[in-house]
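Next come two complexes, and both contain subunit A; in the first it sits with subunit B, in the second with subunit C.
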Partner chain A sequence: MSGGVAAVLGGLRTSGPLLALLALTVGFALADSGFATLANLRIILDSAAVPLVLAVGMTFVIRQGSIDLSIEGLMAACSLVFALAVANDRTQFDLGWLGLPVAAAVGAVFGLANGLIVTRLRVPSFMATLGLGSIGLGVAMLLSGDQPPLVRDTPLRQWALGQTFGVPNLALAAAACLAGGFFVEQFTRLGRYSYVVGGAESVARVSGINVDFYKVVVFAFAGLMAGLAAAMESARLGLGHVEIGAGQMLGTITAVVIGGTSLSGGSGSVLGSAVGVLALTVLANGMVFVGAPPHLEKAIQGAIVLVAAVLAGWHVRDRLRIVK
Partner chain B sequence: MRQELAEFGAAAVRLVFALALAGAALPARAQALCEKSQIRLVNSMREITQPYHVNLNKGGRMFARWAGLEDNYVLQLNQGDSDKQIALMRSILATNPKCTVFNVEPNADVVMKPMVDTADRTGAWIVTHWVLNRALHPFEGHDHWIAHVAVNSQAVGVAVSEQLVAAMGGKGGIVALQGRLDTDPAQKRFAGLKAVLAKHPGVTLLAEQPANWDRRAAFPIMQAWLAKYGDRIRGVWAANDDMALGALEALRAAGLAGRIPVVGVDGIPEAIAAIDRGEMTATVSSDAFYQGSIGLAMGTCVLTGQAPPPQTWAKERREFFLRVVVITKDNAAHHAKEPAVDAYAGEWRCDNLWSRATGPAF
Partner chain C sequence: MTAVALRAEGLSKRFGDTDALRDVTLEVRPCEVVGLVGENGAGKSTLLKLLAGVIEPDVGQIILRGAPVRWRKVRDAADAGIGMMFQEPSLIPGISVAENILLAHEGPGIRLGIVRWRKLFALARAWLVKLGMTISPAAATQSLSFSERQLVAFARALAVEARTREAPILLLDEPTSALDDRGVAAVLQTVEALRTRASVVFVSHRLEEVLRVCDRIYVMKDGRCLAEREAGTLTVEALEQLMVGHEISTDIARDAARPHVAASVCLEVRELSRRDKYADVSLALRHGEVMGIAGAAGSGCEELCRTLFGIDAPQSGTMLLEGRTVALRDPADAVAHGIGYVPAERASEGIIGAMSVAANMTLAHLARFCGRWAIDRRREQDVAERWIERLRIATPSATTRASDLSGGNQQKVALAKWLVGRRPRVLILDHPLRGLDVLARRDILETIRELARDGVGIVIVADSLDELLAVSDTVVVMRDGRVSARYSIAEDRPTRQAILESMV
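Our next item is the complex of A and B:
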């Protein structure tokens, strides 16, 4: 392929997600005047908050060459723990703001288990996380029992549904997670070593990096993010719900892939995933605006993933001999 | 002498014949088909995370405990997967099929025929709810399909929509959250809304969207609608309470909870509490406790011989509409309390199984 075209396509690859986001935004703004308003911008940021927190965790996992299919089950378990730990209509606990770190900690423990099963028992992350996700779902169903617990902690609920200086609080929390994730990714050993592990694991091992340790930490981090996301969503909706994570797994992985992180690991950034999350949120929101049938949304999401994946691998497709 | 004997013999044969016919014509008291301890009660439903289903299960357990069969109660959850609902039924019928009673909330209209066929084939007993299948009737040769307890979902939709329109003063725009559109209740309730809107031209339907019976899906849709339509939304219609409650939280985020009428269907405790607080206007209850138990009661009555076999029942006792109740502020407090067994024991009696039938559903 000629150098000029390769350069353009290379540039496209890195700015592709941004272009997609811009295209969607402009398209919907033209289709409906109500779309491009401040009020709707707030709603888009609010809707993007929980998926963004999940995507930050998932980016780290995928960057290191693994996959985490457990987030729906983890979210379910953490949602129930959160709802039962704060003021609710079932138990006597009233941890208030502590409920958030407690839920995050439960997620981190599940993530730790994910990591240990992958590194110690040598189970592929695909299977290990699927299994642990089901366990999380089961735990959630046991905790939910007869009646989903309703969150009665008013300050927490008001926080989750409210805004500060015109920005939805959950969006602020998600932005903080994004900033934290970006910092870890760019400026810490964890971030850089897991990048190497994803790109060339054997090289990493031979260089003396404790690959297993960093893998486990990354899974625990993803679990922590899932727990936090579950607590945020539960505080917003007002109950601990087994289905709280339903549909999030595919959406999160889609967002991460659209954002430029290759599924085979060794590339990508949380910033790209953030753009991917925004693109999908704009898509969902815009489709409600134009009144499109919701099943179309899934079809279009799928199309976007395919296009993004093709664009991402375009420049190396001649060199790729093995495609799994 | 031989001729008299022959006449006597013929008369005796006729007498025996007549007695046999008379015996067959006698209704009521039938043969017990199973040992009571062998009877297995199965409640087959979508999941147990929504309060409607929680109460379905509670109703079933209440009956099992009352009938002394608590250890023989099984709950089957299909998580929204129709194939799984059928597979679960077939797998449990590997043992003791003839003494198993199924009380079924069909996940989608398509599961009815396979489940009824399975019952016919294995000798198990089944009672179905909700779905109205115009081509399938218990009395058309399905001797093991005891009954179908239908709900007139269009009437339910009409009732709850009229409450909404009244609360809006007959003017303004509404948004509608529909249920899973491959189910009869979702389609018919929405048709009920359309019928009411046709009679009230002052009310306009601004937008409609399915939200999968789920408050998590309803929340962002309601948020987007609030951004799009703003003040034009003067009422919210939801095909079930869970979606209504999701929309209510979106309204709360916009500072509108209690200021815009919201209606739902199911009569779950949370919705009744919201109606009491003034944040919801109305809901319709088919009484999940009753729906979760009546099929098991019918099956137990048939299996213990306290009710005749279903093929002898009148048609309108095998496919009937269930009585529903509209819950508004006036009667919310009354319905908020969790029912006790005494409330239903009278209706589980084998001679009173059809006490809530309002008419044939065919």
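Our next item is the complex of A and C:
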């Protein structure tokens, strides 16, 4: 490969996600006049909100060289806890707004457990989070019983479905999470060390960094984000449901990887992940407009992941590099 | 103040079944620059890592400023003012230069968990300035050149100075190895400047440098300290003499005449180049010839071996196998052309520890052991047992897990891997004797000679010149990616000093 092509590919790797988002947007806008409307923009922002919150947490996990496959199960458990803790048709609890931090705290506890299993019991995060996710699903099923509990807290539901200055409230909440994630990533020791741990864990250890501690905190942070996302989605739908996170795991990991965080760790930013989330949301939304069969959406999303993965790994390809 | 800043007393360290360090005693006085020289594998890096708390000694103790210490973590050593610059790259690519320099001791650069970027950059800049570097502390580390990274790693070692009120002790493991002249000058100047306030242990292959900056020099070989000298009394020649030592490896005698080297060339490369690794390398290896390639770290000899086995493609030049041009696509292609490779990393690339000895031997030529439907276990077993006997591999049985064998026997298994199928045309041995004891070395060397007698062309890169001289018919010396000298052992047997001189 000549140097010029390699340079172009390298450049694409950094600005690629943004270019892809722009291309998708322009393409759909030209294809259908209904796409580039304020109403549709609101729909896009609204549907990007929950995935964005998840992606913020996942970015930290992937950047430190781990993976979190527990988010669907974790969201299920947090969704049920949230629905049963606020005014609902099943229990006497009526925590109101406190339901949000409660759900987030349950998520954080699950994430903490993920982190402890990975660091203390030395189970690879792939297995540990897969197992814990399944436990989360089980807890959710126990809490749910036959009939999913309905959320009867009117202010919460109005907030989740409402807008402020024309912007969906959930999108605003997600933007706040993004801003918080960006601050943690750029301006705290925790965030900076997530680059260090993912970049070269052995160097981090030899430098005297308490690697295990930072790993655990990052898992807990991702769990907290998943709990929050589950509460947001439950408030919007008006019920606590076992299936609330269905499909979110692949979508989240896809968005993070498309957004420039390498699966091998050490790089990436929550801002890139936000672009990834938007690109995927625009894609799903736009395909409805151009009349693509909804059955094709998954396949196209998969194809995009593959292309992104090839581009992301292009510069480090080596005949003996082992891809796991 | 005590007269000794840091003292290592009778340190020993074993890795698996090899002694990396044997009863080493060394002293560093306040404000003294101590040089540490020796061939690769002599134990210099192991010694520094023990002193810096990266690994723990099996025997012996470390005495810091008069009091015995025991490092439980690297952090303990760093807090006591011991800074280390590692030989291998130790910077994190995805973060800024400032973060790398101050990693894990940001001090006021992070308060209450919040990074104060301006403060952090200012702190880091101070260390960069001491090295005469103008790069921005905010620069992304992956954007730096190799020599800039090396200097940043040096700045990182320097930064322990801020952590202790005592005079710091800096352990520098080949700080100049990959630097251009300007970088070398900056490092040497800084070491000179440090002399007023710090003690330094300085490891380098470039002996002139060592003589220039060091007050005292320790010479190491095979995990032992051979000699200690005042630098003022030494010349480069005298130091080389000391490094090579008295004939320790008399056990590796070579058989006198080598009439079995055939006239026909089995592997030839012409003007082979790979950017930043090696350039214009032309070699011809005959059937039955053992060609030793000598070179210090960074000389390109290991990269050349990788190319010969199809791991990295050359950018220009041609490669011919028995007269025919080949362009190897990958290692599998190399194997198909009859080239075998025994990598330096025995444990991770040479053998598969969890598999049996027999399975390890046959894995590169499995097709030869397949019956109509499946692998012919009986045949696999028979062939494995034959080679176990022939190479005198000490193993309870062919079904023993390879990881249960000693290092020398593992290496024989790795060699046997290329022998069980069709006889290879070329075998490339990357440091085949690394970490082996004397008996195992002799065994492996005998096996190599035996293979050469069978007509296999062998390329060998080894740590020690003794070993290269003992087994090779031809010695090629590389320096800075180019062939700097060639010797035919039968006609003009070079002295070790001559080789060392063309290496550095």
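Heads up, the rule we're going with is that the second predicted complex is superposed on the first by the 315 of 324 C-alpha atoms of A that agree within 3 Å, B and C clash if a C-alpha of one lies under 4 Å from a C-alpha of the other, contacts with A are read in each partner's own complex, and residues count from 1 in each chain.
One rule holds in what follows: a residue touches a chain if its C-beta (ideal position, glycine included) is under 8 Å from a C-beta of that chain, and two chains touch if they have at least 3 such contacts.
The structure presented is a predicted model; accordingly, all values stated were derived computationally and were not measured.
Q: Clash or fit: what happens to subunit B and subunit C when subunit A is overlaid?
A: Overlaying the two complexes on subunit A (C-alpha atoms) leaves subunit C and subunit B fitting together cleanly.
Q: So, does A:D146 touch the first partner subunit B, the second partner subunit C, both, or neither?
A: In the superposition, A:D146 touches subunit B alone.
Q: Once chain A of both complexes is superposed, is A:A284 in touch with subunit B (first), subunit C (second), both, or neither?
A: Touch partner of A:A284: subunit B, not subunit C.
Q: Given the touch rule stated above, what does A:H241 touch, subunit B (first), subunit C (second), both, or neither?
A: first
Q: Applying the document's definition of touch, where does A:T261 land relative to subunit B and subunit C: first, second, both, or neither?
A: After superposition on chain A, A:T261 lies in contact with neither partner.
Q: Of subunit B and subunit C, which one touches more of subunit A's residues?
A: Counting contacted residues of subunit A, the larger count belongs to B.
Q: For A:A39, decide between first (touching subunit B), second (touching subunit C), both and neither.
A: first
Q: Of the partners subunit B and subunit C, which touch A:Q64 in the superposed model: first, second, both, neither?
A: In the superposed model, A:Q64 contacts neither subunit B nor subunit C.
Q: Once both structures are overlaid on their shared chain, how near does any Cα of subunit B get to a Cα of subunit C? Whole angstrom is fine.
A: Closest C-alpha pair between subunit B and subunit C: 31 Å.
Q: Using the touch definition up top, name the residues of subunit A that touch subunit B in the complex.
A: Per the touch definition, subunit A meets subunit B at residues 32, 34-35, 37, 39-40, 43, 46-47, 141, 144, 146-148, 150, 161-162, 233, 236-238, 241-244, 246, 284-285, 288-289, 291, 294.
Q: Where on subunit B is subunit A touching in the complex?
A: Those in contact with subunit A are residues 47-49, 51, 54, 57-58, 207, 209-210, 214-216, 219-221, 223-230, 246, 249, 252-253, 269-270.
Q: Report the residues of subunit A in contact with subunit C in the complex, numbered from low to high.
A: 186-190, 192, 195-196, 198-200, 203-209, 266-267, 319-320
Q: Note which residues of subunit C are touching subunit A in the complex, please.
A: It is residues 54, 73-75, 78, 86, 90-95, 99, 103-106, 110, 113-115, 117, 310-312, 330-331 of subunit C that touch subunit A.
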